[in-house]
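All chains are identified by letter, namely A, B, C, D, E and F, in their written order; residue positions are counted from 1 within each chain.
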Amino acid sequence: MLSIALPKGSLQEQTLLLFAEADLPVKRSAREYTVAIADERISKVKILRPQEIPKYIEEGYFDLGISGLDCITEAGADVVEVADMPYAKTGTGVMQMVVAVPEDSGVKEATDIKPGSRVTTEFPNITRKYFEQLGIPVEVFYSYGATEAKVPDLMDVVVDLTETGSTLRRNHLKIVGTIMESTTRLIANRSSWEDPQKRKAMGEIRTLLLGVIEARGRVLLSMNVSKDRLEDVVSVLPAMKRPTVSPLYNTDYLEITTVVDKNTVNVIIPKLKEMGAEDILELGISKIVR
Amino acid sequence: MLSIALPKGSLQEQTLLLFAEADLPVKRSAREYTVAIADERISKVKILRPQEIPKYIEEGYFDLGISGLDCITEAGADVVEVADMPYAKTGTGVMQMVVAVPEDSGVKEATDIKPGSRVTTEFPNITRKYFEQLGIPVEVFYSYGATEAKVPDLMDVVVDLTETGSTLRRNHLKIVGTIMESTTRLIANRSSWEDPQKRKAMGEIRTLLLGVIEARGRVLLSMNVSKDRLEDVVSVLPAMKRPTVSPLYNTDYLEITTVVDKNTVNVIIPKLKEMGAEDILELGISKIVR
Amino acid sequence: MLSIALPKGSLQEQTLLLFAEADLPVKRSAREYTVAIADERISKVKILRPQEIPKYIEEGYFDLGISGLDCITEAGADVVEVADMPYAKTGTGVMQMVVAVPEDSGVKEATDIKPGSRVTTEFPNITRKYFEQLGIPVEVFYSYGATEAKVPDLMDVVVDLTETGSTLRRNHLKIVGTIMESTTRLIANRSSWEDPQKRKAMGEIRTLLLGVIEARGRVLLSMNVSKDRLEDVVSVLPAMKRPTVSPLYNTDYLEITTVVDKNTVNVIIPKLKEMGAEDILELGISKIVR
Amino acid sequence: MLSIALPKGSLQEQTLLLFAEADLPVKRSAREYTVAIADERISKVKILRPQEIPKYIEEGYFDLGISGLDCITEAGADVVEVADMPYAKTGTGVMQMVVAVPEDSGVKEATDIKPGSRVTTEFPNITRKYFEQLGIPVEVFYSYGATEAKVPDLMDVVVDLTETGSTLRRNHLKIVGTIMESTTRLIANRSSWEDPQKRKAMGEIRTLLLGVIEARGRVLLSMNVSKDRLEDVVSVLPAMKRPTVSPLYNTDYLEITTVVDKNTVNVIIPKLKEMGAEDILELGISKIVR
Amino acid sequence: MLSIALPKGSLQEQTLLLFAEADLPVKRSAREYTVAIADERISKVKILRPQEIPKYIEEGYFDLGISGLDCITEAGADVVEVADMPYAKTGTGVMQMVVAVPEDSGVKEATDIKPGSRVTTEFPNITRKYFEQLGIPVEVFYSYGATEAKVPDLMDVVVDLTETGSTLRRNHLKIVGTIMESTTRLIANRSSWEDPQKRKAMGEIRTLLLGVIEARGRVLLSMNVSKDRLEDVVSVLPAMKRPTVSPLYNTDYLEITTVVDKNTVNVIIPKLKEMGAEDILELGISKIVR
Amino acid sequence: MLSIALPKGSLQEQTLLLFAEADLPVKRSAREYTVAIADERISKVKILRPQEIPKYIEEGYFDLGISGLDCITEAGADVVEVADMPYAKTGTGVMQMVVAVPEDSGVKEATDIKPGSRVTTEFPNITRKYFEQLGIPVEVFYSYGATEAKVPDLMDVVVDLTETGSTLRRNHLKIVGTIMESTTRLIANRSSWEDPQKRKAMGEIRTLLLGVIEARGRVLLSMNVSKDRLEDVVSVLPAMKRPTVSPLYNTDYLEITTVVDKNTVNVIIPKLKEMGAEDILELGISKIVR
């Protein structure tokens, strides 16, 4: 029923992994560029450059797709944002689109950039609009890649995506402005979104995908505690959500299970033990749907 | 107590993985061909060609073994089939032994094959018997491998195992008959099977191996639900087996846990959410023994 | 607050894995030899040869460290043993320091070794003390590695660590005495241990590390059982610890969950089934803190 | 003295190999994007996208560079072609820029393409000019890659580079027109070329590069022959170039050495033997400068 | 014109390398099992199990082929041996077919083997004939591989090919007899060999193949020597063949070039220097045709 | 006749490659640590730590060996230096043993180092002697490796080998003194060297090894030139050594062959062409013995 466009390139491996873990595995057929998802809600899948996906979705070639906010904005595509999906190979999945100049340049903020500067970028539309709003006339050159390496020899200014800024620093560039923040988005064609049946199917796919993202970096803790220590133990657990508490059979003990962030386990487990929790077990989780 | 023969070659990696997951890990010793399982029911293990295993078991060199039905039949071995074990690296683990001829041949069914045809196969006994039953006198040649490649230059007909038929099609062959279906089998020596102590041990090993196969492709779903939505939620779950429902402490909520097929999760989770299930968690399972 | 020394070399990979699983991941920074743990209890981490760690800890360069008992003894370091941590890539993590001579030598026990023999070892202090206690004057040579290969051409006797003795046998050596048994230890500086705040932090780190080691080789079994079979089923489970038993909703069944050693599962599961347990599930565990 | 721009991407590995074999090895420095050639004629080297190189050379950022004729034409750059350098990983190094449509389309020649067709290409300038000359108004879309895969679902026509057409055929496309032929070129900035000193240096670099390309696929044959068989033997050798003939000492024999194409050796050697050549040796050559 | 059968398996890689170096490169086509040699003397090439090749050649399915003498003998094929081609990945290319028994068996020679022994082998015909000639009735079992590993548990005697005997020794087997010696052979169909045109083409292919084998393990030595030391220097060189001696220009020196075995270079070069040779150069050779 | 010790570890791969290219290939036998060279001058080979080799040679366990000057000096071994062999994986093969301190230390020269400083080194004997000669009392600690990483936390001063100093710089250390320069040496036992037969054999092995080192980084150029341009062409070639000039048959041309450094080819070939050389060929060389 739905046709879906998935991104080729740096996001591809992580996107295929995400769909596989969401029980929507993408299978390659014998013919090289033909892929499919064996799910009754999904009739067609294609893997395409993320720069081209937003426009194809606007034009109705696909109902649903995945692309970065940077590509959606650059393409100026009129689409519905179904979900923000901050997944990435490493780190948080949040990228910054920044303006950078050589470290030893006198420029301190983007507004100091001289008129007539040569600007290299893979995002010429966003870049032109940004400098127009600043009122600085510049020459914008489309970059075919390795953008940072062209400054200062061939170009004066770089506009590029970065997660930590380390590639820029290695090239002796400094950031003097941030144009936008970008994460991966699940986007839909406007009229597909108005179709109730398609919107229900899209919502279910979003549930499965977000269920996997939610489970990443979380673990299940299970422990036993006597009734009189229950409140002490619960006080250590994250406040956001009540844990699941079950009675045990023929005893005054209760079993508590709760989901916690993996990066808080080093602090929580010693405290739980101190508060009287016994037989604490940690288990992995593959999906969480609240 | 038991001696076991495991298959070398294409089944070997999956068999060793299966035994390891069944908590019967096969350890290699320093000497190259000596392996062992540290389990008090098992005194000896050897890794041998699957073609040779059925006969060794019939002759009493081993009590228990693993081989394909194709090899058991070809060897004409008189053994007890303890269990059908459809495991494989990919797919279903079910193979077909087929008769194939060149695509552009006039032959449409096996009965069209001309008397005197040259047939290449790794299963000469099965093949001879098959053509005798058809009443077509053919010349059967034992093949050392790459059987499909010999037709049409050197041979007229192929009898070979195939899962999807794709290798045959790539060699421009078409299937004109199916001789038998084959899966991997757990087999036992007849007199070992009559020995009550040995039969009990074999049964326990079967339980462990099937416990792993059963768990593959399944996951555990756990969720909370208020008592008044219980029946709605349960109605979504597979009918075959009642889920486990536990009361929660000091609340009207219940916890439901159930095992479902991984390839139904894409449909079930959205429905569970729709029916009122909260905090749905998916966890991996390593063994299921009903 | 705490400074920690971790071992380089054969133990390194397993140690880094252990800390990562204990939610104390060791991150490498850009500079090659600088590592860090992002935990508020830990201010400094360094990776060093295990031979050198005990002395550095005695001298107060680090509060806490990991090394083998063999290295601690060879160094003669005065440190506090916080925990025995028998982790290793394979096997039990228990090593033997042995005396070995050529297979075809007449020597049967260490006391048969001739005065004046040439002994090669990576542990000269332990070795000298050992032969002094035996009253046999020998020449001890420090070995830079591949110790076994020097006998019999260049040396008469080897003193070396071994887990299974197989490397020695491959070199046609036989063991004629055992000097000591060694496992990996968590050790602390004496005065750091006297500091209450540091001792609390060390205790929490020990809890996390042992929580991982405890979970290795164990699995969680969950099963349903009718009330009248409860005692039968419980009788099969390890006596040490009562299992967790929960009532099920509107039924006479109970749910039992318990942690068992992975290497007993091959025996326990068949017995549980025999005793009436149903729907037995096995799940992996990543941490256990009693 | 000279600054040189080399191509990143699919040509990069072969270009670096060519320069290394020409004794102009490109060394990477510690900083990622900085490379250098230790040759007194070359002051600066940079590795850049081949699409951008022609324009930078026209503008005088570099004296000399390597790019494909396709990129030079697309950029519309005014540069001097110093040499045609048909090197490539496999095959002849000659690419065709073609117009392709779906196999089952009614289109037979480019002139049959319907007005208003959607054309996808990485070469929008060349493509627009081509269809203007044909007098067919089309919509040209810049393609970010995997161009063939967009037809017929998203686009109607592909303009792309191909060596053998096999990728197009695998995507069920047929070629209906050829726009241009492209090989790799050594190009120079116009005013650098007018500078006599720079032109001499460029000529020497061309000599070294072409010396390597000339030697590829050729071998040196050396043989002895008696004076009276000289003409017979020489008649077998390629006519283009007289072989080198040397007298031998105190004998009527001569030594002949000559360079031949490796792909003629299978025919030439048996003929040389037949004509009386003795002790035929074949040796590899790393450079040929006529 | 000629059809050729090349061996699959352990000889395959070396055979394809040999043909490539002989300027008869075997190219794989898109279809998996189809290969070809672009040479006007060769119309068809096929890669097949070496056990099957001799019979196919006898029967006229191919004109020319490569197989081991062991396979030719086992098959009892009536073919023409065109050349002995002792090439192999390592070592000399000469294999022994041996009879082996457990190290600790009382058997000292093959004649000691007890009547009724169970013999495992990949060469049942040769084995049966061998034991018949010895007058010892044995049971011969065809082995599917890993032959050595079956003794002593399942079999009493092994007949197998070995180059150095090391695999046998590792399995604690000892050699008690040698049945035959085997090398790789170039073989032809009898009637193809009678055809003058085919025989000429086969001779040319043999020339090219042997030209490569001849060059392996040989190098070209070139040196200068004064006329009065000529005989001293020549006396050091292999007697078999006079070296090539050329006059130098305007000097009393001569240049000597000669081909020597690489494994004699360690002895010859020091002697040449001692005898007055100057500027000795060693160069690699890719083909030698005398 | 000769027994030889070769170095294990960082020099091993390059040493084995050197011996193989010198036609003295080192073969591993089945037993792990046993190696051999099939050369009648060499009866025994062993691969040992380079630190241990000098002493074993002094003591007569081996006649000949390879080790670094640093190890020879540290061991204080009384051996004969047969040849300096500057081979290495990369670079010149020349190492410096230096004294280094933290970058931000006030120390400018080794003489500024404070009495009582803690010095870490793999060369304690050399280090102690060096500081004694400086008259600075220091504490010298033997380092098991990763020496640089111990400063400044655990140690004050490093004495270590370095080729380019880059590892030291990466660890923020600066060099304040150089103790010695080290290259790889071919060394002999004193009394073996006095034995005329052994000395002759050692000289021959030295000739073969140096023949390979000499050929590395050199190529053979061959070209034709008319007699009247001979002197012009010769003037371009390296002066050190006259090239080999041969007359050609029935023509006024001469053939010139000469060995040149590979890193001068980029300059020489264009000049040779300018001076009238024709048909310039470049060939690789595997050994040069002047």
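Keep this in mind: a contact is a pair of C-beta atoms (placed from the backbone, for glycine too) under 8 Å apart; a residue touches a chain by one contact, two chains touch by 3 or more.
The structure displayed is predicted, hence computed values, not measured ones.
Chemist: Any chance you could name the chains that touch subunit A and subunit D both?
Modeler: Where subunit A and subunit D might share a partner, there is none at all.
Chemist: Can you list every chain in contact with both subunit C and subunit D?
Modeler: Both subunit C and subunit D are touched by A, F, going by the contact rule given at the top.
Chemist: Distance from the CA centroid of subunit B to that of subunit C, rounded to the nearest Å?
Modeler: Each chain reduced to its C-alpha mean, subunit B and subunit C end up 39 Å apart.
Chemist: Counting only Cα atoms for the centres, state how far subunit C is from subunit F in Å.
Modeler: Chain centroid spacing, subunit C to subunit F, equals 43 Å.
Chemist: When the centre of a chain is set as the mean of its C-alpha atoms, what distance in Å lies between subunit B and subunit F?
Modeler: That pair's centroid distance is 60 Å.
Chemist: Quick check on subunit C: which residues sit in contact with 2+ other chains?
Modeler: 170, 246-247, 283-284
Chemist: Drawing the touching chains as a network, do you get a line, a ring, a star, a complete graph or other?
Modeler: Drawn as a graph, the chains match no named shape, so other.
Chemist: Each pair of chains that touch: what are they?
Modeler: Touching chain pairs, listed by label, come out as A-B, A-C, A-D, B-C, B-E, C-F, D-E, D-F, E-F.
Chemist: List the residues on subunit D that touch subunit A in their complex, please.
Modeler: Residues 8-9, 31-33, 46-49, 51-52, 56, 61, 143-146, 148-150, 153-154, 170-171.
Chemist: In their shared complex, at which residues does subunit C touch subunit B?
Modeler: Where subunit C meets subunit B, its residues are 166, 169-170, 219, 224, 246-251, 255, 262-263, 265-267, 269-270, 272-273, 278-284.
Chemist: Would you tell me which residues of subunit E are touching subunit D in their complex?
Modeler: Spelled out, the residues of subunit E in touch with subunit D are 22-24, 39, 203-204, 207-208, 211, 215, 220, 241, 244-247, 254, 259, 283-290.
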